[in-house]
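A short worksheet on the structure shown next.
Letters are used for the chains, namely A, B, C and D, taken in the order the chains are written, and counting of residues starts over at 1 for each.
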């Protein structure tokens, strides 16, 4: 067997995304054995030294760092994986690019469009491989949706709708800020559900249905004040708890998006639907191995929505896993993204979504927040990705 | 407009089935206006005089009788509709046939095979039009299933399964016998779930998939004693609370049937499924306007169970009702049966299921009960219907 | 039995709604026998004389008229039922009110807010009983939703969302205008999906969740020109094929609404969902006898959305019909509205939704259309109903 | 950090189960870091040398063997994992026990009851830790079902039903025998769907609902002859393609089981349902992260089946994985079994299902096959597990 080329990873951040990414790297060899590159867990970085050691031991990182600059400074690291809160993405990514490192950045790319643009400039200037972890593209059922759409089966598109509904912040006693709850702190997160949840919906939407040209949005902050974990004081909540917008796509179809953390009964209900002249598609993260498909070409009396169990070897990614009828889960989307990133190193192609792609999503997010603030329609300037 | 011919009805029994049948007759003119015959509610009969008057007033019967023999004796009645408990079916039906009346008999045809055979002989000898109210055949989705199967789309059949699950007799304090609870009294009902629920499943099964040749069954009576409403005493319960059987069909497929009144959480869950070489079909009474259909001929990556909403005008019976997407309910199955019976008077064809058809179902029921009692396989002698 | 008081009906319009209303009147006696009033089908009116006769014969109307003014002029008619296209509602209703007739008007109340206001003034001045056929309130599952919400189980409300998706006008060869397709002609209909479909969603929403204060909307006309059936010429299509809006409710919750006739695969998919602090509710017209309910008070490890089959006698309207587990359909909503209207004659209470209630819905519709046209937020001025 | 104790694994068999088990061992460190033992992939064994090398490289086994006896003979192996076809289980397991190795044996334990009994005697005599990979017990939703049942919430049990439906052998051109298709060869597999699929259903059933005392079964071989891959000749097919049985449980409830490979449209549809006096539970492998639960104690008007998304940290095994609302898949059941096996080494408790437990399942399987062959009821002699 030819020895594999190494992709030496420096992971920054040891939260939930640090775990999903680490798992992604570690499983590649078992399920994608033909790839030329293999990830090596060279170093992991966090400011909390105790947790850091534990994390490194558990996941098998060769070394630890407590300052991300040290990761970037190391010669034995090829790629920097950014899993830290959003307020650090730009600084780390730009420094990494300047140091010639490849970058795998957790979504959203940045807190603001301005930050995102500087990040894109940095990777463009440095010419380093880059990708953003919008992982839901690589749910096999969603990838299959992309294949069906690209095949032209849907015809002219009329509607696209998506929502991402959660209920975990309803309790007004939940604090904001700090290691676990930075997503409720606008300084750290940039925004609330717009960057956290809608960004996912927008990335998938523009990948499946092209660019979003203009938006009209509404946001709401249901709990106005929360204790801040860092200060211990009751402070104003600045994030959006909920965000709804409608929009136009370049192809003339209408879009409708909603995200919230106040939809009692829904844990992570990301659903999407696209309606074309000839066919329609639906998907639901809570039943992620299924795709629903309606084909008007079916004989009239037996026409109906098909519930496709996406577990067969001729469906995207599924030949890697088990047998028809047996499902995979959330974590596999990250494995798929690692595999595709490694493959991109062989082919020299970009690994979508790139920073440039994620910038388009950032443009829509920014327009959405501006639209909500100004109570007016906003052009996005985004291109399809 | 040509004046309609009259079908003068004498209804015997004013319980639930008295209501569903009366409703069936009354709605014909509004939804099947082209039929040559129109039902006329000539007389209704019950032993409880007070309820009888109320029923007659409410539903618009022209007259009342307290003895069913009076109904049969009347010259102004063309058809006798038997809605009384099972222990009276044979006597009434035979007398009605001898009097030359058409007969519409509620299911099951009789308590026993012997009774049923005498009834068939009587209608055959008299040459009177006859039908049995196995209403679920005329759920549009079930009728559509029949069309699909007859079209040959399924290929060779491997499996047929059906169940009918209820939970209304779990409470051990529920009495048996009397007007409301005769279904728990074996003397009145003949059997428990076998005649009440499985008979429906068997009728549909043999209509869709041909004759059942031999059976192996198990029955259970979970509550062994209940107060009898007529005697006021605690008496042994003789009905089957639950019945399960497997069987062979003439076409070589395997059958599996279950009925119970002890399945907590299910009100009237009649489901059926048929698996063929090339396609499969499922149906569920709790979502009765849908049919599920799987076609192996569909392109592999987009193959899945189709959820067909059976509400379009090209689907069975539905052009009579409203618009696509709007549903009908339980009662419409009885309206459809009345319509088909009236149509049969025009054409001179039998209106299935006839007494002869119901006799086949009775043979299977009898074999099932004998199999359970003897703990052995039993041949049914039944033919497809 | 005390003779019933008569409510002598004059029905104007013999289309789909003429049928649903007639069916509503005719079934009252069989299922609501205790009511003091009984509807009498005194006269039916349509300009198409041939169809009119056929309709009158089929449904049993005592007489016919070809001019609606004749209906209003008759002394033997107590209530006028308006089932004609929207462009005639105002004129007929105002004349009927002036003649002292009760009015049952098909929805939407009118083409425009101005028309609707004049209609409200007319019935107020005349003091006649009035109601508008927003029938979906009287789906038992929706009425149950209302009961649950009124009980306070949901706590503070965060979100309300509804959509009404159809696909019947995708074919660009479908003409507009004339008897069958007036819903595609803005002159006759006033608007497209806003008045036809969203009006239903808005009526239910404001009944369940209170007033909608301000809206931001988008509309689209996908097929720009169609042959007009009356002129035979290709003409501009002026209706909205699709309409999406978000809004605020008086209670601080966010609303999201969408209607379209271009959602391939959906016949009449009216769904609604409401998310409260403590509980949530969902409903879907395509499975109309079910209500989904999530209660956060349930024990954590067994907490989940409940699928409630609304067929028991302790659930709204269901004691009128059959037995647990057996469903009713679309048409029963109209029967329920007739029953409630007749009851209102006994009690002297209004029968909601009244013209005044429907006026509030009209205000929202008008604000929605203005918002879409001006691309800006609009206040509705509507009150909860 | 204390160095971990090693559990040195020798894996025999490199097919699908070789992969699922290997994956189970490799992920333990990342998700169950607190365990005292860690699996070491010491050696893997297969007769096909080329595939063996590839497998060992891919999964990281330290060494390879082509004779299973060599695995057993090695001093550096603590536990033997048997993933070979059923005809080798007994010989390998008995030899391994005699050599003092722990044993993890793929299900079914053996081809026949006689083989299974000898295996149990061997491990009992040797006193070695042993377990059988009936993995579906460790689907979190199924484990949760066990918790709910053990809590007594269901009350007296009336019914248990399960089926396992597949469709992968409908094609009559599929050969039997050989490496890939030994499941169709009775010599290698012992039986068809009974040992392959029903054994899973029976293991879960007796774990959840206690012992099965007597059975009445039916089997069928739809395709009578297939080419045998080893001989190249058309040979009689001796396995059961389908098997259906009903039975009694010790607790008085009725059981109903079905398995087939001829249910067109179903890939691996393992469903189970249990109905108690007070509550019922359902589960479906095709939507494996959900459990359905009906509780009669809920308030009547809002009572319904709950759809529980089993992804929260207070639900079995789920605190190991990701966040609420995100799912895990088929492979995780094997990880859970490895974790529980390692934990059993700490506690000294057995790791269920043990060989003794699996023997009870074997007794039921044998009785089922005998019942089908003799067309009579058979006592099983099995005890609850």
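The rule we apply is simple: contacts are C-beta pairs under 8 Å (C-beta built on N, C-alpha and C of every residue); 3 or more make two chains touch, one makes a residue touch a chain.
Being a predicted model, the structure only gives us computed values, none of them experimental.
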item	value
Any chain in contact with chain B as well as chain D	A, C
Chain whose average C-alpha position is farthest from chain B's own	A
Whole-Å separation of chain centres (CA-atom averages), chain B against chain C	36
Centre-to-centre distance between chain B and chain A (centres being mean Cα positions), rounded to whole Å	55
Distance from chain C to chain A - Cα centre to Cα centre, in angstrom	42
Where chain D touches two or more other chains, by residue	305, 309, 312
Chain B - residues contacting chain A, complex	144, 147-148, 290-293, 295, 298, 300-309, 312, 314-315
Chain B to chain D touching residues, read off their complex	158-159, 161, 165, 167, 170, 216, 218, 220, 222, 242, 244-246, 248, 254, 256, 258, 260, 262-266, 275-280, 294, 296, 305, 375-377
Chain A-facing residues of chain D, complex	1, 16, 19-20, 22-23, 26-27, 29-30, 33, 54, 57-60, 166, 168, 266-269, 285-289, 309, 311-312, 321-332
